[in-house]
């Protein structure tokens, strides 16, 4: 049995509370088991230098943890004077994932800033951040539509993320809590869209390995979890997002 | 009339929610009007180098704002690579204020870390941080008592903080919200203990000035607000803190 | 008796030597007892980005100590790679204080840079810096008048600063030297203008407290000291500064 | 046809030149098409603080590009004052990959430093770095064996890495050169060991997506390429590495 | 006898391999004994801010060592977060030396970037860098001529550099290898042009001293070595560089 | 005629004021024409890590300019967050020069810190710093003798420095002021000891060149200037320094 009594293909309890902070254009608190992340989306009317004059938008993400989001206190990255490699990886992942379901041309010369701040951590903070950030982004675009800044919602598909892993005792499992994550040899984060297409697969043996059969089981568990997460998103966003064929942004 | 209809000597609505985050030894969410700050207290079993071997403890505070705690998005200090002067001033203020009511000898060779993270800002974030941090600290010490790490609560008095200012129209007012703060010429932060003693007075004309009579009114408004805040603290902490004569830590 | 035999309401010997360094528009060496600070004022024909196009000026201050201004050698902030929190607090204080007596509109789109470099320290370096910086600023504006860069001196009032404190033996005292400062529980810096108005009150118990009666005595001592400092400024500046009603710069 | 006339499942020409630099314990120049990486392995007789006293070793990797390894000159990371997110991701990937095939207990309290310096880039620098680093590491361990620092080679399996992608015209292809990489929607880096087990799968749509069928083809292309790379490694290392069952290092 | 059997006035074996890296406008690998430096020259179509609008060009140099260019591994400057004083000195020296033989007006508003990356070090890396950089620069200008970016080669004279020193046993010697350099009291780097004129003399006792007679011998050894180095440059560059009277760039 | 009417072999007026700052073990203000440098020497009872346990001392120097030491205001290096290449070169030069005349064994496991702070600059700040630092160092050692920290003065010889240059109109000249320095093609800093031995020769064409004859004249001018500077040092230090044969510290 898993520490919290879940079946191996069972997600933790997930809540997404919209309009959590009053100032951002889009804001949610996503809760996945004991993991809690504030996801804020801000729209800025300009793009980074490398995109100027190209009539397309950009999405960039930042991720941080409060020092006591974890059992032991972490040094604040602002005190450290630099962002760790782990944080950079996560920020790049969130940004790439969101850009894959957005029509950047339709966004116009605007930057969408996503801030994911983990206030309580119990495993899966990067995948919870992606799922929460997707909803915050959709809410921000909804507000931009209402303010007539944009003519049409620039989102092409739903998007969600979860983690899977191979536990030495339980075998392949879905949505690892921290205790599971730290005893699991193989750990994989999967991001998918509403068409069952992969956006990102990041599987690492973390000093162990996995074979082709285990890979197949992990991918199948992830697909089930992502289907359920997208249903939760739909319950909040209603008919805001209309699925379209996802081309490329290049 | 003030923007939110308050009388000039009226605090905003204040809530202090204990045990907000599960991991820290002490944790509260303090809400003052629309200002919300997570205050976490952590106990570490060692002291900074300059205190080693002196058999006394230390208290240090860190303060940060989420980028969208404010109407416009702020650059994250970890991305900026350094902490701003404003943040440093606030951190030093919170630390000094807490140390003034703690018997550091009784704490033993331990460091109490206070993390104040503003998730939503509407003026008065530094004074809300001090008031919230005091409660988080008391809860952390309570846990240390229960775990028998310390023999007696090392707190010598209650502590709270508020802001006062001279508004060009309303004159002297208590507990400024952001809109008031930005139109007020003179701005003062007051920290007091449960014996009506001053811990800190920081009054600045911010390019204006104030005379002796205005100063007297401001100090009187602050005392009233701090009395009310200490009542709210007492409602949470019960008879945990016993007021004692406050000596000096030097 | 105080270590240097002064009465409790007596300033140390103060000299302000104008035109100390040849290059700056305004330059003084201020000596307060054994504390010596070089204050240089530079006028730059542009303003920081946040003020561009507003037809008003700005004043910004930097403060530093030579490594051996103190009995023990301090690490140079340029070697450390960053400015300490203490330095930032002092720089912000000096800038705010000077701006409170200057008509920034009359200055035009110019920045006045103040550099306060402590070459020898014996307590009170931040208040000596403010008093010296005021004179350096006035000399720089005088030169700008002579060069017809500005039409009228943009200074609205005199300005000076001093420290007061509660000594465990001597009680409330004026103008603390280092030895007194380090044995004093309560320490307060006061900045006032030529109309007996407060610009800044920074009183901190530094882990101790002070009551209302002590506060009243401290404020009265500070007023006496500032009157004397302004007389010394007037002896140098003659009839250059004409006192006007001090409005606000906002 | 691909720009250099290769079949879709064909690697570029690969050479690994051992003993390229005289000072390191292990050193190779790996050439993959026009991509050239110097991989140096250094053995240090101590471990990072988090591992002290645990009688096991550690492997850490650093990666850099000469400024003109690429068609346009890049800013040197030492001038920039910090390492980019991309570099950090690659360094962490190389370290994890190597640790997955090494018995860290058998290494003893030693750190193996891997330095991968790209002197000429034409796509696939991170996978070439992993393959080259594996050989440099094996040569360093061989020297440590000869010097009797270690009793037995601590390598449990061969290791190699390659890239695969979905090209809009050619479909799934193996070992992308820069021109292909920049026109390819989907890009995946695969690291495998000598038992056909996955060490790492990093597949990203880079703002596009891929489906289950494409994933299967990509994994199969990668396996073919990695088989060929391991043959090249064996030609250099001879019977130095003996394949063993790969457990976990946790 | 010197460690490698050379006479006291004998250079080590020197090779300069042109077109070493494919991307830069000019690229060489210079080998001096066991010292190997990749020198790349890049032409950028703009100048630093301080030169804009002056219709003249600029030359700037960067220098780095691979961590294992040396017997012990050095910390990478990008990890350290800053460039050491030694590196800065060398970079400034290389830039000054090259600028002394180039007509910056003829270069037009362009920056020539020189990157010297030491892949293997055995003494004399800074002088090898200058000699190699000169050839890389000439090759880059040749390409700019061919592309008709410039009308005439902006080089006014040949340029080469070497080191000399006073060895406690062998006395004055030419072109020190690392072993000699570390046992030599006095160490001097000399840069000269093709007219036997000095560009730079950097002689330091490194905690020892030298007298006038030793200085004369050292200068004479250096001249002999530089003559030989310029012959090697001429063998590569043919009649590309035509010696002219060297004026000043000021 | 030179701008200040000097002959080509004439030093500017030089004063060295001992005991300028009260706290350091040794302190002077050196004035060379309009150049003024505060040189402070501090003795610390420990050595840098690389020297621990070797029973010998170390000398390290730091150099800085006040922002308005120059006609235009320079950015403070502490605000910039790093020390410039120019500053690093000068610091290394001062340290090397002083170490060349000190018996580091006799100093014991102590570090002598030299701080040279230029308060007013008019050319020649690095050579004035060396000359002033020598006297400050001697005074600090004198105090250490008096306190019986050391048994014998560890100085082996006098030391002084000056600059020489080739002016386009006046030809070779001694001790350049700023105006001369900025119009001079060739610029050379010479450090010598009391035995007419060279400690350091730093001659740079700064984009120009100089020939053997010019070099000979420059060296002769420098020797004359250094003789005069050492006379000034002797007038202050009396018979404190006894010239000995200068060996090497290696």
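The first chain written gets the first letter, and so on, giving A, B, C, D, E and F; residue counts start at 1 in each chain.
The working rule: contacts are C-beta pairs under 8 Å (C-beta built on N, C-alpha and C of every residue); 3 or more make two chains touch, one makes a residue touch a chain.
Listed by chain with UniProt protein names: A, B, C, D, E, F = Ribonuclease PH.
Computed from a prediction, not measured in an experiment: that's the story for all the values here.
Among the remaining chains, those touching chain B and also chain D are A. Most remote chain with respect to chain D, judged by CA-atom centres, is C. Which listed pair repeats D-E comes down to matching contact pairs by residue number; over half match for A-B among E-F, A-B or B-C. In whole angstrom, the spacing between the mean C-alpha positions of chain C and chain F is 34. Separating the centre of chain B from that of chain E, both taken as means of CA atoms, is a distance of 60 Å. The centroid of the Cα atoms in chain B and the matching centroid in chain F are 51 Å apart.
Residue positions 81-82 of chain F each touch two or more of the other chains. The sequence of chains round the contact ring, opened at chain A and continued through chain B, runs A, B, C, F, E, D. Listing the residues of chain F that touch chain E in their complex gives 82, 85-86, 88-89, 91-92, 96, 99-100, 168, 183, 185, 188, 193, 195-212, 215, 219, 246-250. Residues 21-24, 27, 34, 38, 40, 42, 44, 62, 64, 66-71, 73, 76-83, 87, 113, 115, 117, 119-120 of chain F are the ones touching chain C in the complex.
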